[in-house]
């Protein structure tokens, strides 16, 4: 089995994925998409950036939209358990020769900026401004009723290497696909917060962000969003779904924002807090791993992703196409 | 506009579509599909046939599965308001030179057997055995929780002719697609019972049955069925969906039985009892008429249908392919 | 059995219930309730009245809110099949010595104003202004996503008499409760449009309107409305529910508008177009007839109703309290 | 504020609540309730006991039904992170003079048996037999489709003391109600696994188990269960609901098993993994804390609970009745 054993006592304690900063060309168009259409709430906005949170979040933001000349992903953010974990993380990344810096970030406490071995820009923090609960202000709910950011999914040019690295600081694999011939990983889903994933990697030219995801209450909210997108000028932004993933068992929809950044709307995966949870193996040739109901994903879904700022992507080590590409 | 004016006082009063008799090769396999998987209830079964009803129906049957050497559709059944309507129907069809016969049918009263001008075998009746209500026996609900048969959809080689004929005895058009060049109808949806349709016609080699449909409570029941089919050996029987039709606004799924007969699982169309309800026109080039959310239907969905017993299909008068075929 | 045989060929053809005019004390407060909270769409508004329709309706209005010094119900409206039915209705009511008048009503064609034997003010029309479809303008959906007006329910001082009268012009009983001792009807549900009811009568001081009802897509829309009401200052306007009725099998919620007019939010009853549909009998002592799940209704629900304009209510002929009052 | 500060680095690491052993008088009746009605899966059964798991669980059991002469609760079980945590727990409880014993339990590894200061029997383990995943065997889903055990709720005679004790080994308070006069806790919800609670305490004669709870996919599954219970002889087992809790924001239903043990069916609370999550304070006089929609709970819900085996309950320190008792 290609999945490494979990590191149960990692050097520092990551609690969960936290936020993403997306570079976007037109703040107003992105605001229309994330706020008016999807239903995220604005925590702060100025001429350069808009900070958003989902309905049950009390941290200040899960998405930052930042005005830029060209779209890309500036950073993926993670919350650690305590300040001491930040220092331990600083040492952990520095010891491996990865770039480390303490950076100032609005609305956040001490923040460690670093990158993973493939260059994905990461930031870690323990404290972010806390906002009053709004999860019972039902008049604010609209769009798809996003409850919280759920996960990131990245193209990796070497999934085994990505998994080994995130595993080394405590991310645990819940499900994975391997190439039966080479016994190399094709894709893997890894978590910290007790769901199927905080971070997933899929074989492909990378590093690139494949998508971010929001958790919503039920599949009917996804159907409501589809109806809304289809009748408000966003039909071309619907890329794939709705459907049920074999992997994760989640009900899903993939949509594209005005810059092509992909968002998954996601619900109904399962609890994974047991440290002895056995990773589920999927055969690369099993079409139901992607869509339990059998429908193929479109070509764009396999190919397109968002570049990370100032990070060159390189070709993947596995070049075989997945059997189930359409 | 190519849609004929409704005949508000037709010669006889059809209440609703009622039932279909499907010729199937393997009664046990068909029973597994319609009873164990979909959740229809058995009203009667013997060595030759199985009679089924849906959960809120009190008529004896909405589907008859009849053992045969080759699959086809034996007849489409309709319920009329009263016995007098049967006599009026006999005269109506006979006057047009169409075949008429009074036939004996189990569990049904006096039954008129006839055919439409393209040869679709039809039967009309006023009285069918009535069964006790089971709609509140919730322990019986399973599968997709089918509540009632909703409609038939047929390929017609000449949709204008089909619509004119059914219109002449009171079916009213609710929505339609026309070919902008020839101003001929591509497809039309016609009702008697107050929903979007009891009967629809689509341009294509015919006459053939495109599908029958069952009404279910909510889209979540369709998602439940997909999960069940996907994990009980029926994944290849899922043909198209789930999705929202532009036409009818219904949430849909198309599945295939063991003989290839197509069933639509359907919910959430709208009430059409107003006699002055304006038919909704759809452009043949509008991809959202088929799927509001933009996803194309598979080729099989445009091409395959079930032959009617002893009826030769002929090519359609319109030969242009719909723009939105995949 | 106390239910009269249906009159299958009535003197005139009522298609469905159509609209209600409510006298309200504060148009702005009522607008906030019906438009902002429930999600009805404004067809017209001026200083004296607001006309509303639900999402799948194409007739101009289903509710008229009219400014008044004291709340009451001005009239219940019904749509007939054709103009000739209006003349037949005029004769029908006049022949029974009931008041008849042709009245001018905005947005409506020729309108017959009359009353039933207990004094309920009624109006009948064949033509109302038609509006473009909005059922696929999903950006307009909010609140409980009301799709269409579904029925009226009235207290009657003599349910047998009310049922006999409406039965005489074609309303058919679908379900009923009788007092086992006197064999008199306690309550009855009667329809024209093919659902469980357009009009129901319950024994009680009357005539008074017990409630009007809107059809919504699924029970989840009702849960959404409850969450919204509970957190926007309307928690005291929630009177009963959610629950499943034994009678009608519908999922329900009862709420009160600012003047105390009661609205039911309703979904998932069943199709009743068969003229030979057998009425379902319920025992007055069966608590599940009201709430299938067993929860009792509050006292207010049994007692309160809206007066009809200038109509004195009188005590009911049956005085026994229903067993299941809390 | 009466809520103690969280102990972020407790002496041992409890992952989650795990299981409960219920003493029941009639195994067959209890099996009918938990297996046939609710939809739990049997992992093992013999003449003395039945072991059950929910659909997404891979641990061997979450409920043990054990035949007994009188109903009670034998033990509440919790899973710890690793074997070392068991030893640390042994020391932790022994140091406080609480009973500790290593016990043999079928299907489980090394098991520590102990009790909390009020006498609630507890057991901790790190390893339980693991079973293959069944969460995608959709043919097995029925009843309410229980996905996992979610929490326990206990009457405590001294909620401050209970909260202080569980807080001391890492349980964190998410929401609480306090008595405004005495500033003592009336109730508190405490978690380890990242939801609103693994364990809650409510002021009342105790210790007694108020209820255990299962997580289900959506509110519609709860409605399905209500319909099923109401029509299969279990209507009297429905105690309270459905409704939305103010506290936890969950959609709920309370039902009683054949011995009177209470089960909550529960969904849609929120994620609580942030260690700096601020506990939400509710006023004892706010009726919406219990039911957001305003409906009161029945008297039985405030009074009845299940005794723990061989543990005498004592009166609560707070004797004022909650304002919102019916």
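Here the chain labels run A, B, C and D in written order, and each chain numbers its own residues starting at 1.
Methods note: a contact is a pair of C-beta atoms (placed from the backbone, for glycine too) under 8 Å apart; a residue touches a chain by one contact, two chains touch by 3 or more.
Since the structure is predicted, the reported quantities are computational estimates derived from the model, not experimental observations.
Participant: Could you figure out which pair among B-C, A-C or C-D mirrors the A-B interface, over half of its contact pairs being identical by residue number?
Facilitator: C-D
Participant: Per the definition at the top, count C-beta pairs in contact and tell me whether A-D or B-D has more.
Facilitator: A-D
Participant: Same or different, please, for the subunit B to subunit C contact, judged on whether over half of the interface numbers appear on both copies.
Facilitator: Mostly the same residues.
Participant: Roughly how far is subunit B from subunit D, going centre to centre by Cα mean, in whole Å?
Facilitator: It comes to 50 Å between the two C-alpha centres.
Participant: When the C-alpha atoms of subunit A and subunit D are each averaged to a single point, how far apart are the two points in Å?
Facilitator: 32
Participant: Give the residues of subunit A touching no fewer than two other chains, as numbers and ranges.
Facilitator: 136, 218-220, 227, 230-231, 292
Participant: Inside the complex, what are the residues of subunit A that reach subunit D?
Facilitator: Checking each residue of subunit A against subunit D gives 8, 15-16, 56, 58-59, 79, 81-82, 127, 130, 133, 135-136, 147-148, 193-194, 217-220, 246, 249, 268, 270-271, 273-278, 280, 292.
Participant: Under the touch definition given earlier, write down the residues of subunit B that touch subunit D in their complex.
Facilitator: Where subunit B meets subunit D, its residues are 136-139, 142, 218, 220, 224, 227-228, 230-232.
Participant: Per the contact definition, I'd like the list of subunit D residues that touch subunit C in the complex.
Facilitator: Within the complex, subunit D touches subunit C at residues 218-220, 223, 226-227, 229-231, 235-236, 238, 242, 244, 251, 288, 292-295.
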